[in-house]
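Next come two complexes, and both contain chain A; in the first it sits with chain B, in the second with chain C.
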Partner chain A sequence: MQIERELTKNPRRRSYQLGNSQKMAPYVFVFPFLLSFAVFFAYPLINAGIMSFQEVLPGEVSFTGLDNYRGLWNEDFGAALYNSSRYTIWTLLLLIPVPMILAVLLNSKKMPWSNFFRSTLFIPALTSVVVAGVVFRLIFGELDGALMNTILHLFGISSQRWLYSSSLGMFALLVLAGWRWIGINILYFLSALQSIPAELYEAADIDGAGAFRKLIRITIPLLKPITIYVVTITIYGGYAMFTESYMLWAGKPSPQNIGLTIVGYIYQQGFQYFNLGFGSAIGITLLGITLLVSLVQLTLTGMFKKED
Partner chain B sequence: MKKAFLCTTVLLLILVMGLSGCGGNGNKETSPTNQPAASNKGSKATEGSETAKPPAQAEKVVFWTFVDAHQKFYESMAASWNESHPDKAIALEATTIPYDDMHTKLLVALQSGVGAPDLVDIEQSKFPNFMKGTPQLVSLNDIVEPELGNIVKSRVEIYSKDKTYYGIDYHVGATVMYYNKEMLDQAGINPDTIKTWADFETAGKQMLDKTGKPMITFEGNGNWSWWPAISQQGSDQVDENGNVTVDTPVNVKTMEFFQKMVKEGVAAVAPGAGHDTEEYFGYMDSGGAASVFMPFWFMNRFTDHIPDLKGKVIIRPMPAWVEGGNRSAGMGGTATSITNQAKNPDLIKEFLAYAKMSKEGNLQVWKQLGFDPIRTDVWSDPAMKESNKFTDYFGTDIFDTLLSVKDEIAPVHIREKSPEVFDAIRNKAMPQIFIDMKDPAKVLKEVQDSLK
Partner chain C sequence: MRTIEKSKFSFSSLLLVLLFVILAALMLFPLYALFLASLKPATELFRYGLNVRLDFNLMSLDNYKSIFSGQGAAGNYFGWYKNSLLITTLFTLLSLLFSSMVGYGLGMYRFRGRNFIFTLVLVVMMIPVEIILLPLYKLMISLKLINTIWGVILPFVVSPLPIFFFRQFALGLPKDFMDAGRMDGCSEYGIFFRIMVPLMAPAFGAITILQAMNSWNNFLWPLIVLRTTEQFTLPIGLASFVSPLGNNYEALIAGAVLAILPILVLFLFFQRFFMEGLTVGGVKG
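Let's turn to the complex of A and B:
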């Protein structure tokens, strides 16, 4: 703000003082990012790294070496890791192909009402997860009147206790994830689809290719860069998932840890048991896991290969 | 290159100064309101010439809570305090923050040494977090000790460490039976003849025969069924020294007895797996089960969420495990504490004693909050029979029941390990025992082992 005001006040003098303003511009533009990065990312990250080797108690902080990391070898962390990984894999299977196909459909000129569908599919992304969590908790209620159970009754299946079993609980989480993220991923794919040159399809038409062949041979290969991007953020989103499970189980720990995620475990240990050192150790471990998974995925998809 | 570097530095400096300028302005704007508060500590008398309202020159006290009703309670107590103590007026700034948020914010504020309120509510199961390391709360011994004879002692002991008291509860949380009188009458059961749990089981079978409905419900994912029952027998989940005692013989036997009742159909697992859920309120409202035992504070769930049972529910002591055994247990609670960041702890202590330890404060706890106050001498006060929404719902003999179990409330142990133990019981043991119907002895042993 200050600078902006200064610059507009007397632009000529300022440019003299600062030398070549062309050279300065990038620094000015990058500075706010660097500042927020340093304050909100680098500093907490370094501090978390240090805290993960400490026992942090009010008024008493002491180094305990690798104790926190050794403590990770337990059932709860195992459950959290299992749930997060399972959730990530399922979201990858759900949130890549479905939005891709929907985007292709929405992009097609034959599709009626496509603008209407585009906006309705995107609306969930604008809804607060907290509100959505409450609504979904009611949808997946265990009473006969709950929406999901009413649907089951239509097919002659008896009521289920959705949020008490591991697989049904995961299903509820996936429905919530699908509802929330499909619209956003459609948006990514749509923008990529619009950048595919129409000549390619015209040429394929001349060669006599059908719609399916065009999808397989032209659309999907040309969507690869954006697909890699979406896969990366989905992996990250999967491992970072917390709010959904927190809201679905009403902020209380889920029965038998069926909804415990790694971030949920950080929250539980760090804030509910006030074990900040151990919480930091889980956080650093999560960072390692996501880094590793993303690196493997990026290597496999050829992101690090030099273009010939 | 060098020039570019220099320019960057200059720019950085400008930005930093600009930012700090903003900060400075912000401070200046708020400082006038701070100033009088800070300066009037010593010079209250001299400022008397000004005809401002008491709060304008009063000591500012910031209070955090997670219950709206608690905020209203303290606001009314502050108003009456200012009337009776004009020379020690306080300006209470109370805020209600959601449960988890408030406790997390408080932990961080106390850990980092800035930003904590002066006065704060801390819920019982969160309290051990604040006892870790060096407690960042103020010792309340000088206001608690003189009253120890008049209050239920365990209600301050649970918030103590090394003989220092750090918090004062709102209530006793005496666990009582809530019987649906209409259903008991249908089945021909007289609740006053149920003295022990064995009697209760027999009555439950009669209920099942006559009405086909369960006599009682248990939580399938909570702590309010098993914990009061073991507390009645002098047992607990954690012992006095903080050791986990989840799988002691008494605890296992109690769980086995409850599971047996569920298997017989005498008891049901609460819909929603807990007593404090929407599903359960609907279930009870439509006469799903004939009774439940919950702490005293559960009364307002009946008045607010189970309206159809108005006038049909009676409050009685819990059945004892052996003839002459304890018929109640003190469960749940919220302490009010003073943080070490309070600017004038002595004044706040006086106010806290007024609000929570005095007779008038305790009467207000019942009148405004509907809790069983920690001072037992007010339980027999005529004010307790005055008509309010609770006496309209449950009848006027509520405190007669309480008085009869006054000396049958064993203290519970809240230690550092407690939050973890509670979670393990709620999320691992209870669902396995009451939903998956596994063997209690085995499940409790596993939980005990996992907590070591």
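Let's turn to the complex of A and C:
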């Protein structure tokens, strides 16, 4: 009673406590996200959905039903979808097992100077895709003296025009991706490896388990959560890839669209031809693809069964 | 295990070191080749491609001089550098403030809608932003943010990955400190800024590098927002050297080398925090 009288006597203090109460504070803390989500994510996403059914011309907008989606049935989009999917699958095959093995080796007790190597392998990740693209465009140059061709000559193979063939162009993209990402993924796996309790391995030693058994029975199962995370970001990175191919082909259309990706197609249609409606339809299709892929992936890895 | 450890330079250690020396050399090689090319005239590049021939008669600092003298196409180079530095600094600072706030709010408090908001964070994390490029571009036009640094910064300054990271970190913070702070008459925000922010220092270290790296190297969104040459950031400017509009390899190669420097220096200074932060805040599930 007395406290209540105190509070009513001093309304200013009461309102101060309201704004600062434990009840209000969390909402103040998360407010920047809610604002940003509404303005820069939800609103544009809804807009993309609407625009994908429209023909957007300067000054006039008309609904055209499913025309934009029907328009997707063409060779360019087919090439973009094929290239993005192929790139994603190859990066998954390259950027999960290799960094995982390297991280296990770096984490082994027999490995001296592991911190030094960890940092050195990370350095490529610091360079921008633009700089990396410039370098790899030159490395994969068609001249006899270009680096990759010089290496081929060592094996008695003649010079290749790397960026003119579908499979060689994909190879160049993968080398670039590997160069920039292996060091990053090693870090993810290392951070997970370091949180595995040493007692588990000691117990396995007592049971007489060999190094290989320990890897299969302890290390790999305990790396599952981080592996799911790395697989997820690799899939999104794969389907969202644009700058790498933009730089390798110097901002020009690649021959026979061998370097065209889905995002590259959005960029081309939206910002070079100003087909905003059609560009949005490509975006919504990309959304559908990533949702589908993630659903499959999360089901396969049993993510839905887990609850935190 | 202990018995093996004493022979630190066993045969298998030697093999491991050998493997990683080769790997490290391969990883650093493209950067070495780039650096070497920056010391040679562009004609050499056109005649032979990117190579690692050491020909000291050809090597000079001319390419760097042409950038510093600011003539021709390279005239805007340091303007771009300044734009990139400004955008990266503002973006990183604001991003640290907002994502630590949101992550802390989600990690430390139990409140109605908490799980829902966290799910939204995960949704944003899972949907490639490239999907909304076009409507976002239209939004920038109506907000009059096209060709401004705020147009580059604002849409992505509250990004999901750092929020997720700070939340993971905040889950491990001691709740008792909060009550102790309240007893001492600290406001909820005082607790955050005076007690919790210092405790989250490793997370701040990791996110600083991560966000600075992202912003410094960001390409697609600035390419869309920034329309005039004077407003370009470094990656856009460098890319314009190889674009259909012109081939300016002298400035491009030397400019690319200089572009790596700030982020490399930041990494070398903060790498201890970066590694620690990643490990502590690591993705736990």
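Everything that follows uses one rule, which is that the second predicted complex is superposed on the first by the 287 of 308 C-alpha atoms of A that agree within 3 Å, B and C clash if a C-alpha of one lies under 4 Å from a C-alpha of the other, contacts with A are read in each partner's own complex, and residues count from 1 in each chain.
Keep this in mind: a contact is a pair of C-beta atoms (placed from the backbone, for glycine too) under 8 Å apart; a residue touches a chain by one contact, two chains touch by 3 or more.
Predicted model only: the values in this text are computed from it and were never measured.
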Margin query: Taking the superposition on A as described, I'd like to know which of chain B and chain C A:Lys23 touches: first, second, both or neither.
Written below: both
Would you sort A:Pro58 into first (chain B), second (chain C), both or neither based on which partner it touches? first
Contacts for A:Gln256 in the overlay, against chain B (first) and chain C (second): which applies, first, second, both or neither?
first
Inquiry  = Let me test your reading of the model: by the given contact rule, A:Ser191 touches which partner, first (chain B), second (chain C), both or neither?
reply    = second
Q.
For A:Tyr273 in the superposed arrangement: first (chain B), second (chain C), both or neither?
A. first
Counting residues of chain A touched by each of chain B and chain C, the higher count belongs to C
In chain A, both chain B and chain C touch residues 20, 23, 27-28, 35, 141-143, 251-252, 271, 276
Contacts from chain C onto chain A in the complex sit at residues 1, 4-5, 8-10, 12-13, 16-17, 19-20, 23-24, 27-28, 30-31, 33-34, 37, 45, 47-52, 98, 101-102, 104-106, 108-109, 111, 114, 117, 120-121, 124, 126-139, 154-158, 163, 187-189, 192, 213, 216-217, 219-220, 224, 234-235, 238-239, 242-244, 252-253, 256, 259-260, 263-264, 267, 271, 275, 278-279, 282-285
Listed in rising order, the residues of chain A that touch chain C in the complex are 20-23, 25-30, 32-37, 39-41, 43-45, 47-48, 51, 102, 105-106, 108-113, 115, 117-132, 134-139, 141-147, 149-150, 179, 182-183, 187-188, 190-192, 194-195, 201-202, 205, 225-226, 229, 232, 236, 239-240, 242-243, 246-247, 250-252, 263, 266-267, 270-271, 276, 279-280, 283-284, 286-287, 290, 294, 306, 308
Listed in rising order, the residues of chain A that touch chain B in the complex are 1-3, 6, 17-20, 23-24, 27-28, 31, 35, 56-60, 75, 141-143, 161, 164, 251-257, 268, 271-274, 276
Residue positions on chain B within touch of chain A in the complex are 3-4, 7-8, 10-12, 14-15, 17-19, 21, 99-100, 103-104, 107, 110-111, 126, 129-130, 132-136, 221, 271-273, 279, 282, 419-420, 423, 426-428, 430-432, 435, 450
